[in-house]
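Chain IDs A, B, C and D follow the sequence of writing; residue 1 opens each chain.
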Amino acid sequence: MHQAIGEKHWIIPDGFIPPASAPGAYESHESICVLNCASEEARLTITIFFEDRDPLENIAYVVPGRRTKHIRTSSLSANGASIPVGVPYAIEVLSDVPVIVQYSRLDATQAENALMSVVAYPIK
Amino acid sequence: MHQAIGEKHWIIPDGFIPPASAPGAYESHESICVLNCASEEARLTITIFFEDRDPLENIAYVVPGRRTKHIRTSSLSANGASIPVGVPYAIEVLSDVPVIVQYSRLDATQAENALMSVVAYPIK
Amino acid sequence: MHQAIGEKHWIIPDGFIPPASAPGAYESHESICVLNCASEEARLTITIFFEDRDPLENIAYVVPGRRTKHIRTSSLSANGASIPVGVPYAIEVLSDVPVIVQYSRLDATQAENALMSVVAYPIK
Amino acid sequence: MHQAIGEKHWIIPDGFIPPASAPGAYESHESICVLNCASEEARLTITIFFEDRDPLENIAYVVPGRRTKHIRTSSLSANGASIPVGVPYAIEVLSDVPVIVQYSRLDATQAENALMSVVAYPIK
């Protein structure tokens, strides 16, 4: 049995799905990258906060034991609602077992790409 | 009622507003991205430090409860003074309730964009 | 004698080796950058986690005392297996003495480059 | 009197001065960005670690009180020695009073720029 490591609560204040992609090898996207070192699965509950409307709550996602998942934010939805492109938002990730979370964005709005990445902020 | 999470004091040592933008989809800009998970509003007090002159102090900003704000640094001002473009500076964010702060810069000086981002440093 | 500083256990959730490079000055690559401030050498044990298969375990690497090593992830292997290009993965670094770990990626898939970097997440 | 905040010891494992710049608005460079919130000056002592030779030690730098300094690593020297371009290195910053340290790199090797930034790792 492998033990869980990390934290159960993580925050990413700067989310943004670029609205357009130039033709080329890549499509603009963002990923929430989660590592679950434990043998048991991790059940995530994700909340999306906006500037001018109520949060999108209770998005569920499962990361199997001893696996990583790089989750495209554009694939997330709850009750038929998903994250609109081109608007600023923020992300809260809760997990039932400790995990480690990183956020990366690839912006392919222009022909050449731009990359950014942060380790999410852990709430202890 | 949702509880506040994060910290009340955050630092970003590397601020810089690129002086020019190439024609295209984006304009160069920087954002201080703040998430307020609490039900109550967060009142921010921002200080801007420079290399060769006294700080620009007491810039006020409000983030409503359960909202994020991605604040353009070029929009900040205090007593008629704002942050000049093309000079190095640093940012201190104080909040009356705990929040989480990230800083991102998009540099569109060239035709193609460059991105960088950091979670601000929390003072505990 | 110089004392070891940092931590013995570090996590990087977002690993990805870009599958292609455009002609130019750079080749796409990722580096795990390790600083060993101690006089004695640091023996690393690296584990690579995937989305859909068992981890690649027990990759060994030595960082001499008072030296840094910027380790190309494409150079790592264990029992003849290495990290495939173009698939999401995550990295765990264990060290027998405290070190400090940063991860950087240069993506040269397009003619112009994109860069990202994070300090790894320390497990204390 | 303003109080010092932050830490006295910071580490950046991934340093690299790009050897060439394409013609354009920017020159490739790296900066160690330091914020000194205290009224008194901060005296820094910087050490540069390499992959295959002894460290470059005892580089001195002063950050005045209530000021930030964005220090170009190419400008640093000790006993006539400076950091060579195009080789991997790592940075240790010691300060006599608490400060906050961030590291950013602009790579202008290609016509278009790439940016990366991390808050340095604090040793507590």
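Throughout what follows, contacts are C-beta pairs under 8 Å (C-beta built on N, C-alpha and C of every residue); 3 or more make two chains touch, one makes a residue touch a chain.
Computed from a predicted structure; not experimentally measured.
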How big is the rotation, 0 to 180°, that puts the C-alpha atoms of chain B on those of chain D, in steps of 5? 90
Looking at C-alpha means, what's the farthest chain from chain B? C
Please tell me whether the contact surfaces of chain A and chain B are same or different in residue numbering, using the over-half criterion. different
So how far apart, in whole Å, are chain A and chain B when each is placed at the average of its C-alpha atoms? 22
Between chain B and chain C, centroid-to-centroid distance (C-alpha), Å: 31
Among the residues of chain C, which are close enough to touch at least two other chains? 111-112, 114-119
Residue ranges of chain C touching chain A (in the complex, touch as defined): 9, 11-14, 16, 20, 49-52, 54-55, 88-90, 92, 105, 107, 109-112, 114-121, 123
Going by the contact rule set out above, which residues of chain D touch chain B in the complex? 5-6, 24-26, 31, 33-35, 37, 66-70, 100-102, 104, 106, 111-119, 122
